[in-house]
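Multiple structures are listed underneath, in structure tokens.
In what comes next, subunit A is part of two complexes: it sits with subunit B in the first one and with subunit C in the second one.
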Partner chain A sequence: MTQQDNARRRIAAGIGRPLLAIALALSIGLVIIRIAGEDPIESYKALIGGAFVGRSSIENTLVRSIPVIASGLAVAVAFACGMFNMGVEGQLYLGAFAAVWVGFTIKGLPPVLHVLLSMGLAAVVGAAWAYLPAVARIKWGTSEIVTTMMLNYVAQYFTSYLVSFPFKEPGDLQQTPAIFRSAELYELSAASRLHVGLFLVVVFAVVATFLLKRTALGYEIRMTGLSPSVSRCSGISTDRTAIRAMLISGAIGGLAGAIEILGVHHRFINNFSPGYGWDGLAVSLLAKGNPLGILLAGVFYGGLQSGANIMEFATDVPKQLVDSLRAIIILFVAADFTGLKIFKRKPKLPSGSAQSHRKEVKTCGRSV
Partner chain B sequence: MAGAFNLSLVVAAIRLTTPILLAALGGLFTQQANVLNIALEGMMLSGAFAAVAISYFTHSWVLAILASMFVGLIMAWILGAFVVRFKALNVIAGMAVNLFASGFTAFLLRTFWVNKSEMTQGLVGIPDVSIPGLSNVPVLGELLSGYSLLVYVSILLIFIAQFVLYKTRLGLRIRAVGEAPQAAASLGVNPDRIRFISILISGVLCGLAGAHLSLGALCMFTENMTAGRGFMAMAVIFFGDAVPYKVAIGAFLFGLAEAISMRLQSVGLPSHFIIMIPYVFTVVSLIVVSINKMKAQVSKPSES
Partner chain C sequence: MASEYVLEMRGITKIFGPVVANEDVNFKVRRGEVHALVGENGAGKSTLMKILFGIYQPDAGEICLNGKRAVIKSPSDAIGLNIGMVHQHFMLVPSFTVAQNMILGVEPRKGITLDLAEAEERIRELSGVCGFTIDPEARIRDCPVGVQQRVEIMKALYRGADLLILDEPTSVLTPDEAEELFEIMRTLTHQGKTIIFITHKLREVMKTAQHVTVLRKGKTVTTLPIDETCEQDLALQMVGRKVELYSGKDEVKPGEEIVKADGLRAMDKYGRWCLKDIGFTVRAGEILGIAGVAGNGQDELVDVFMGLKKLSKGRIEIDGRDVTGKTSDVIRSLGVGYIPEDRYERSMIRDASVAENMLLGFERDERFNGFGLKTDAIKKWADKLIHEFDVQPPLLDVPAGSLSGGNAQRAVMAREFALSKRVIIACQPSHGLDIGSIDFVHKQLLDRRRKGYAIILISSDLEEMLYLADTIAVMYKGELISSFPNRDVDEKRMGLLMAGVRDAEPEEEAR
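What follows is the complex of A and B.
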């Protein structure tokens, strides 16, 4: 098999599989809508129309996809190194708060500088929040999956405290004062609140691709993710690399929150995220961690979300149907059906293989 | 201020402990088999919905409880199929189960019951149990009697879980697979099968936890009513190192923190730090546990 063949096959699998999963999920949805006594064709028309047809639909979709894409990139960088950053949601909250804090306390800065400062602090805070789980994992082998997940709640309650007490704007709502105009991201469309964050996440995706594929650090990250022991033998400091990957991941997580809040809300609102960090995880999985694929998958996700609102409005199908379909897509993309009898081409994987790679990461730091 | 911390606080804490405890008792089986199960939340939510739906149609709380366990089992079966059979990463598959449960229960709720009051009217809840002879004793009566049935079941289940894990063949196998799957396999135990079974057990108990939430503590179903209790249960499992009685203590701490924070909220004080404590404690104890494990490994002669 030539190398080109290989590459072509990989790309085909990378696109084909998610598409197959999406098709499968949509057909299951068809049956569900039918059983619920609604018209599936009408519902899907509304769903797709509401997501991708017409200017306002597309703009709504893009607005919804911006934080998801950024979160997806955060997950992807850590995952390239074999680390699970389940804490994007928390990093996003803290980053958003940090950005807003800079936005409403510092006065009289020129616009671009103010935004940069806000986002800079958000990135630092996000990275700092990812630092403890990273170090705990590398030094003592504490599962970063669990610690990052638990710290999400700490972050969420902490920002909730900040916005309910010390930084609460007078009034009934749990929100901070609005940020100064100079800290707002430039608005591209007043109706949908589409903002330049869209271009920022595209830039992030390109930078992430460049970082992972074209830089020494990116090479080390990918090598550590593929095989820590080999990387170690070839002189890569896997510990340092893994911590750096988590720091970058956390920084992007913080930026995701900053972009959403500086672009759309212009103030910190209690519990503003409907789970962008988790959506990011799903999107990253759908795209197999490929940054450019995350752009596509993120837009698809945003489309499902904004299309679902239209569908609920136009027909009587509740928008939560889409959440169920998203879950089905995730399940089918994550599964490996090669063990099934109809697909018996590859030899069956030995049991426990799903964990074996992770175990290697955990133990290699000490086995040498 | 001191008046807020009285007997009724403990009673409230016990009430809030039960759903977390039930889910955690289920999840500790998967934890012992070394399967990270983040789907507790979703299985619990499905159980809660099933209980309410069956109670609405049959007016029987017994059938409702059975249905909640059955639906929990089905969700666990799906999770097990994808994790064990199709080698999906358990974190991802678990997340998908959570998402599915949250989406699909809300979908069903909105499709079949247009308004919520219509649904709550036909519901038969799980009865409270007053212990004869105890319910009239001043302090003990209030402390021990009058809870919903599943509160007592959950306490009983602590001992059953302890027994199953440490005194039965299945428990031994689950622990063996968790500790050394290859060694277990070499003795003729199929690790995948044991992992699957442990996931199923967690599903049944999470379903039960859901039933308590929707028909025991309250008598209604609302969207995402588990509100992160499945993740609290996960924290509790790590806190208690997946040992049933330690897990029970952890669950009570979470329940107590929740009860205290509800009190504080009702008088307008910040409750955020109280409710945060269990999570922080979990992270800290996780780190301490892994440091201790590392020290133990270093001091032992190398096995390989």
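What follows is the complex of A and C.
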């Protein structure tokens, strides 16, 4: 009985807190819009309507959420192991490029096979890109937070170079030739360009859940994340586990790029990602690393993006407002984390605050 | 009327969720006495003291200091009311000097500069009061544990403490150091200080306290003057039933050599030798006790043995297999059970469920891992383990961090005994446990000994060592300075050895 209660409470907290963060952010947005002299209600109507009302809105939202969800899953797998993969954006770029390369160079493959091959190479490239910082962390203790982040620039500029010179399609645009039809992901809707990537990310989320909760590797990943020292003492090779988690994370990051490009753009366009990898980080944080939660949070984030465009058309509120909202949401979700930690630590530090300071000085004179 | 009680805690109740940690607890301490507070783990001793020190707020009840009602909202309030606490884990900055540590947070100033001279002066003054001297300029990291403890005590006095709480102070000390601590406690009470002495060791209670209060299951059982009670009586009061500690032990004839270690050398992270040429053997059905004060290389010895630390030299063999330089996963897969001292650093993951914790080290076992983990098999197995070892509450889905110390230790033992094939390493297995659990742990270890396991026991508890071990080796500064069959030692000689005094008695022999 109590166990069920506990589980229910945990789930409630898991959903409740992010919702609270969202509600707070939206109310702050309200104030911002008001100060800017616009009508907040109208603006929000446009935002939400543009995101979730009507078939085309929903489809647009889903298109935007696909890469975000995949990136979120990538972050979550690494995070379960206590590793911060801030490099999803870079893995996404390289993965996308690898997929496109397979897509336009290899000719005459049957459709499914061609897609699989493209995605396979994207996964390998993404994993390899995540492997470097993982090994640096294990061998020399280099912070993977810094290295993964720095490698993003390397990846992004490297792909920039590739589409500007060796693989540039003749013409003015910095883009590669289009991929063959056989490498394209099946399109569900021509108008919104919604594609089967949607189902793929749902499958990914289910697989990620299974991996983390129901396999020995996932168990080792989670235990290593919860306590590396205990895991090591219990005979889990924590180094190997951490590297594996990063490999999987990087592979998903590469796949995120592949799905976006094979499904929507059908060619590599310079700087095509508006920060999907970063949105993935945010979404993962919002969902506390729960893969199914990432599906929901990803759709929400996608909705904010696509709704923002509509809002900008319909009112005078610029879509950058939504960037602020997203930042504020993350701030609240993160604040919730640190807030708890401070709360827990407090009792352990008897002398530290300025207040206790004064009192102690006073007693000092009185003593002995 | 000035109360004869310096402290009265009345009707203290503290509830954490479903757990009642303190229920209507009454606790009175007379001025100038040593008042022992005893009870099993989870009896509510530390909760009560944390309430007194302002770390927790009581849900009901009141605290009176010197007959006046006091509200203690934070540790700084408590310090302001002249209460001092010496925690089990010292709160000192190792790279600072004694004087610097002493004044941390209450720095005396001269203008805008620190007046260290003044601080050192006051420390010398206090030394007179306490009956011990400390060099104010010594660095903490160079001080032995016993001295660090004195620094902690003096730190509390420096902040004006009249009522001192000592939380299991002897658990880190050698027998001799403990004696010296008792002497200091006597001096302090003669100076009019009052001491609350939290301990598990009833012998120490009988030796030092004037009154003793027993807590059981969050309630006050009794408060007695020390001359109206005895160890057995206190044990009975604490546990609520009769426990026979250190009852008999079977003769077991040791079999073949299972563990062989030879010439082990290793360095600590500062590049100093922490293991110097250590060699020993453990046979089937034998318990090798490694005695010594904590911090003399025992941890490092365990680490190299478990493959958690690199050996510079030497060779380790388990069951005829050379495992030198193998990592922990290989060693564990050979069936070496490991019961570490620090549970939540080494054997139990606080935030993982009990079931998940019971799977540690077994996750690749084909009984539990096929295509994905076999959840049902794991549940069934974990359930069996925690029932066999009577882990309370017997729930699989609660986080391991919610278990009390004794129950967490039972869970660890259940898992490690299930994993071990022939070898068990137990480090301070009864550290911080209550009498009932200690008895259980001892019985389990002896049972495995009977079944022909080779057991390495590392403990700084002499009584436990003399009871369990067949052979005792004393570790001092990274060396095994002496090794002998259990029957050849007495506590006094062990105490000397643990303090590094190599005696010249003839039976010293290295094996």
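Simple rule for what comes next: the second predicted complex is superposed on the first by the 334 of 368 C-alpha atoms of A that agree within 3 Å, B and C clash if a C-alpha of one lies under 4 Å from a C-alpha of the other, contacts with A are read in each partner's own complex, and residues count from 1 in each chain.
Definition applied: contacts are C-beta pairs under 8 Å (C-beta built on N, C-alpha and C of every residue); 3 or more make two chains touch, one makes a residue touch a chain.
Nothing here was measured: the structure is a model prediction, and the numbers come from that model.
Colleague: Tell me the contact category for A:237 with respect to subunit B and subunit C: first, second, both or neither.
Modeller: Second partner only.
Colleague: A:320 contacts which: subunit B (first), subunit C (second), both, neither?
Modeller: A:320 sits against subunit B, while subunit C stays out of touch.
Colleague: Quick check for you: in the superposed arrangement, does A:273 touch first (subunit B), second (subunit C), both or neither?
Modeller: In the superposition, A:273 touches no partner, neither subunit B nor subunit C.
Colleague: Is subunit A touched at more residues by subunit B or by subunit C?
Modeller: Counted on subunit A, the partner with more touching residues turns out to be B.
Colleague: Taking the superposition on A as described, I'd like to know which of subunit B and subunit C A:85 touches: first, second, both or neither.
Modeller: Neither partner.
Colleague: Determine where on subunit A the residues touched by subunit B overlap those touched by subunit C, and list them.
Modeller: The answer is residues 351-353, 355, 366 of subunit A.
Colleague: Which positions of subunit C touch subunit A when the two form their complex?
Modeller: 18, 50, 53, 55-56, 74-80, 82, 85, 91, 104-106, 108, 125-126, 129, 157-161, 306, 308, 327-329, 331-333, 338, 340, 344-352, 356, 359-361, 363-364, 369, 372-373, 375, 395, 397-398
Colleague: Which stretch or stretches of subunit A touch subunit C in the complex?
Modeller: It is residues 2-3, 6-7, 210, 214-216, 219-220, 222-223, 226-227, 229-237, 347, 350-353, 355-357, 359-364, 366-368 of subunit A that touch subunit C.
Colleague: Touching subunit B in the complex: which residues of subunit A?
Modeller: 32, 36, 84, 86, 132, 136, 140-143, 145-147, 149-151, 153-154, 157-158, 160-161, 164-165, 278, 281-282, 285, 316-318, 320-328, 330-331, 334-337, 339-340, 349, 351-355, 366
Colleague: So in the complex, the part of subunit B that touches subunit A is made up of which residues?
Modeller: Checking each residue of subunit B against subunit A gives 34, 36, 38, 78, 82-83, 85-93, 95-100, 102-104, 106-107, 110-111, 181-182, 185, 191-192, 223, 228, 231, 234-235, 238, 270, 272-273, 275-276, 279-280, 282-283, 286-287, 289-291, 293-294, 297.
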